[in-house]
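In what comes next, chain A is part of two complexes: it sits with chain B in the first one and with chain C in the second one.
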Partner chain A sequence: MNEKLRTAAIAKDNFQNFLFVLPAVIIFCIFYVYPFLNMIFLSFHEWIGIGPMHFIGLKNYTELMGDHIWWNSIGHAAYITLIALTFQNALAFALALACDREIRMKRFYRVVFFIPPVLSEVVVGLIWNWILNPEMQNGQHIGLLNSFLYHSGFPQLVHNWLGDPQTALTTIAIVNSWKGFGWGFIIMLAGLQTIDKQLYEAARIDGAGRWKAFIHVTIPMMLPVLAVVMILTILGCMQVFVLIIAMVNEGLVNHTDVPVTCIFSAMQNTNRFGYACAEAVIFGIILVTLSFLTKKVTDRFKQA
Partner chain B sequence: MSTRFSKYTAWKMIQSTLIHIFLMSVTLTCLFPLLWMFRCSFMTNDTVFVDQGLIPHHLDFSNFASAWTKGNFGVYFINSVIYTVSVVFGIVLISSLAAYAFSRLKFPGKNILFYLFVAAMMIPLPGSFVALFVLMTKLHLINTRLGYILCMINVGLSMSILLLKTFFDKMPHDLEDAARIDGCSKIGIWLHMALPFARPAIAVIVIFNSLNVWNEYILAFLLLGDSNLMPLQRGLVVFQGANSTDYPVLMAGLTMAAVPIIMVYLFMQKYIVKGLSSGEVIG
Partner chain C sequence: MRKVIWLSSIILIVLAGCTQPAKPSNKIVLWHWMTDRNDILLKLAQEYQQQTGIEVTVQLFAPSDSYSQKVIAAAQASILPDIYGILDKKAIVADFIQAGFVSNLTSDMQANEGNWENSLFEKALADKRFGADNTYGVKPGIYGVPIDVTNEQILYNKKLLAKAGISTPPKTFDELMKDSQTLRRVGITPFVSGFGELWILDCFASNYAFNLMGEEKIFDTYRGKVKYTDPDWVKVFDLFARMRDKGFFMDGIVTKGNKYAEQDFALERAAFTFNGSWCVNVYHDMNPGLDYGVIPPPPVTGAAYPLKIWGSAGSVFVVNANSPNADKAIAFLKWLTAKDQQVLLAEQTFNLPSNKEALSVVSPVLAEFAKGMDQATHPNVWPLNEKPTVVEAFDRGLQAIIIGERTPQQAAEDVQAVKEKQMADGDSQ
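For the complex of A and B:
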């Protein structure tokens, strides 16, 4: 009898405890798990968003393999990511190194560098769209950049930065780096500050100069932090979309397409929900693979 | 000896000057576009193309008024506030309940559920919005505040649960035991002990999710077609599409969207730095 009462009490206890996680689990299942599974399900179907669905097996995927617009869009995102990985992260690291010392106004710099990252992509995109405005009025360049170039003696550099397919993507990548370097800076600075100063002392006693200490102490100690920054950069930049919408509107579609743009246009412009889901699945796999590879490569370096 | 010393200090001074020049030039690049936006929001359509000085000759405040009423930014702004407040409140409530249970209470399937939440945070789902749109259409939640709020709660949930759980794990056990002996219920312990204990972690969650909701665009674009329901970010793009040449009013709208977030950041940056460096928060 006592045993029975005890198990009943435990069951009631378990149930009460489960009620704590229930709201989270419900929301998670409805808005995360179900769409996730449904995305995979839909990717094997042809469907216009309404009416009957047709199972077509892997046809969406085989079509996707030969879709030049899609692979170009991956290339565009990869280009933006590459600039972020090199230029943006190098800048962030240099700034973090410059601030990781006794220097005046350190707090000020730290506050300022993180302002662009807290702004939305829409705000950043529209401000730069205005600064890069290519038009002229009454013989004056109305965009700040072109006006500056004209008045500071470089009129030959005046350019329609976002309108020219040759420069549009690079311009977007630079604005993207402008918005993003503060993230890396803050994380790297926090990482640098956790390095034990005795390590530098020991390196100095062993006769290592500044440069050697940097190579043999700073870099190895920073590898895990650099890996995190790299993974965050890859995931963030590959999914860039809103910034581009805000900067170029619909103007230059094919030259500045990124994967998310393609998914949106498959869904909204051509009503091909199944195809959009197939793109989403492939894109998700690419992202997971990229971050996994980054992790692997940095782990390899850590062991060496 | 003394010459060597002065050489050393001179080199130090040159070095620190160079570093400051480097840092200042980046600072300028960060701030100048924002100052330019701010400046242009005080000009008129006639002067904005002519007056090239940094400080306009004539300050015109009418842009903010016309953005607020004619540009519909008043509605957008209030919507953004509604969404941010209700989503953040929902996330704090739901995630703190769940994180407390994951940290302290026993029930079958606990570990599996927790790892599911962690995995959800790790796996990026860039295209799940297609399926989400399908789901919301089925549930008749397209073009409703509730639908957007629920979706945004889901976006911030995993990260918040993870952060709070690691915090609750550090809570001393004896306090809880004492409260339980005094007859405090589980929900009472959560409310009176766990929540106050986790205040710093909750501050981090509130700030990161506020930034995230205030700045969100994609789901707002997808789910809210009615301009009376749109948040600021969506409204800005709609306005720019409709009045592509009315730059001063657009800049006033941008200022309205940017200034609150910069203010929150400036007052709360202690927590932002803490959240970034402790939890590797994915933004």
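For the complex of A and C:
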């Protein structure tokens, strides 16, 4: 009898717990699970966003495999990510190291370095459009960068940075890094401050200089943090979108296309919702794979 | 436990309430995307309520891209308002109609010997009119109410042309190129436009396609009977190569959004621009002292066909066929397009009115725009349209020519390759 009562009490407890989480589960299912499953479902259809859908099996996927604009866009996103992983994160790490020391006005620097990330991407795009403006009026360069280059004795470097296929993507990648380094800076600074100072003391007693302490103490202790920053950088940069629209509108021919602009274009310009969903599915798989690979690699480093 | 059950019940009641059908009322809801017309629409809605007791809730959703997505999402969820606009291709409008989201307004338009229909510009009505021979399978009729009309032409800055010693605006494409070189010589950028937005580039190019080969050949290209590598199409591409070589374009034009291009022209950074009649309002806000005139794109010398410009309804509202207040919504739109309201809209927003009688009040520049309506055409009134993937390839080809990456012949071949792929795939695109 007691056993039955205990079982009933446990069942009642479980039911109550279930009811408590039910609203969250419902919301999660409506806003995450359903759209996700619907996206996969739509990717097997031809649909213009309204009206009947036509099941076409894997046709969107087979077309996507041969779509060189799509694969180039993956390459462009990878290039932007690579610049961010190296240039952006190296800058963030260097500045975090500098601000971790006892330097004057370090609080001021922390605030300044965190300004770009809190700015809207549209605002950043507008600011950099003005800085990179290639036009002239009354014989004067309108853009700040070209004006600076011209007046500081480098007129040969004056350039149409966003209008030239050779420089457009790199320019966007650098602006993206400028906008993004503050996140890495804050996370890395927080990571550096958690390292026990006694470790450095012990290393110093063992005869390690600053460089050796950095290699053998700072880097190993920072590996988990660096892994998080790398994954966030990859996920963030591969999905760059607003900044590109703000800087080059619908793109410089196809030289500045990235996967999200391709997905947007398939929906907005050509009303191919099914194809856009197929692109989104493939892109999602790529992102998940990249995240797992990054995790695996950093785990290996940690073990080593 | 009781609280949990109560909470669950409330959630269920709320969710069930979401699916309750709406009932007729004295309130109608209008969704629009026009930031520059929001204030005047709100004012007119208030005035309408005072006159009729019908409350019109005007809701703005901008920019237009977001608005367009919102309308599609609302249609999918069957939560469209009483009055809204479909900012999309005619094929999409046809799908909205066939899905039962748009009222057929023909009987209202033609009531009282067609008073309402006759008061509006025919070319404005054509935007949402489906004829008996339409290829979309839509029941013939009028499905939208235009509140203004618009067309896209070339604008020239009188002061900058005078500064370069150019006394009259160009009448031919060759003169335009000659003026371009003259302007460059005195350090003035000849031309700016929002060619970063593909539709503007497409519009500009199609003006010359009509001029060089006439509409039948264009439509035959869409049907797949004429190739994009045809010499006439290559000539269209070649015009862009010529413009590039004569230094016609402002640096960075292919990534420039129309808002930036409007700013450049308003700040007198370029002598010519290509823009729609809505720009009169924009330039007035940015630089009230800007002195400019309007001309159609100068035709190519010796071209066999008349040059056409894009022109049609500017902003068109449709009535939700599922709305319990559809009759009230139609009455409001009829009132909104009556002469007095149209005069007010034209005066306040510097747009061309859709009501013919209100045209007498427009500014001289708008009157110049209005002249262009005689030679206006628009994809929405063509018997068929090119597939969007091909249009995108065409526009990208033009951009590639402007930045010197492709020759006209190469660009034409690129577009033809996309066209052939699309034809091989059937109508899946």
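Basically, the second predicted complex is superposed on the first by the 276 of 304 C-alpha atoms of A that agree within 3 Å, B and C clash if a C-alpha of one lies under 4 Å from a C-alpha of the other, contacts with A are read in each partner's own complex, and residues count from 1 in each chain.
Definition applied: a contact is a pair of C-beta atoms (placed from the backbone, for glycine too) under 8 Å apart; a residue touches a chain by one contact, two chains touch by 3 or more.
Everything numeric here is computed off the predicted structure, so don't read it as measured data.
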Fit or clash between chain C and chain B when superposed on chain A: clash
Partner chain in contact with A:49 - chain B first, chain C second, else both or neither: both
Touched partner set for A:83, first chain B, second chain C, both or neither: neither
First (chain B), second (chain C), both or neither touched by A:23: both
Chain B versus chain C as contact partner of A:165, first or second or both or neither: second
Partner chain(s) touched by A:145 [first = chain B, second = chain C, both, neither]: neither
Touched partner set for A:247, first chain B, second chain C, both or neither: second
Chain B versus chain C, judged by how many residues of chain A each one touches: B
Partner chain in contact with A:14 - chain B first, chain C second, else both or neither: first
First (chain B), second (chain C), both or neither touched by A:34: first
First, second, both or neither for A:131, with chain B first and chain C second: first
Colliding stretch - chain B into chain C, listed as 9-17, 153-161, 171-179 or 225-233: 225-233
Overlapping contact positions on chain A, where the chain C interface meets the chain B interface: 16, 20, 23, 49, 129, 137-138, 142, 249, 267
Footprint of chain B on chain A - complex, ascending: 13-18, 20-21, 23-25, 27-28, 30-32, 34-36, 38-39, 42, 49, 91, 94-95, 98-99, 103-105, 108-123, 126-131, 137-138, 140, 142, 144, 147, 151, 178, 182-183, 186-187, 190-191, 228, 232, 235-236, 238-239, 241-242, 245-246, 249, 259-260, 263, 267, 273, 276-277, 279-281, 283-284, 287-288, 291
List of chain B residues in touch with chain A within their complex: 16, 19-20, 22-23, 26-27, 29-31, 33-34, 36-37, 40, 48-50, 52, 93-95, 97-98, 100-102, 105-108, 113, 116-117, 120, 123-135, 137, 150-151, 153-154, 157-158, 161, 186, 190, 211, 214-218, 233, 236-237, 240-241, 247, 250-251, 254, 257-258, 261-262, 265-266, 269, 272-273, 276-277, 280, 282-283
Residues on chain C engaged by chain A in the complex (per definition of touch): 1, 4-5, 7-8, 11, 65, 68-69, 72, 75-76, 88-89, 91-92, 95-96, 98-99, 187, 189, 194, 196-198, 250-257, 260, 264, 267-269, 388-389, 392, 396, 399-400, 403, 405, 425, 428-429
Chain A residues touching chain C - in the complex, by the definition given at the top: 16, 19-20, 22-23, 26, 46, 48-51, 56, 59, 63, 129, 133-139, 142, 160, 162-165, 168, 247-254, 256, 265, 267-272
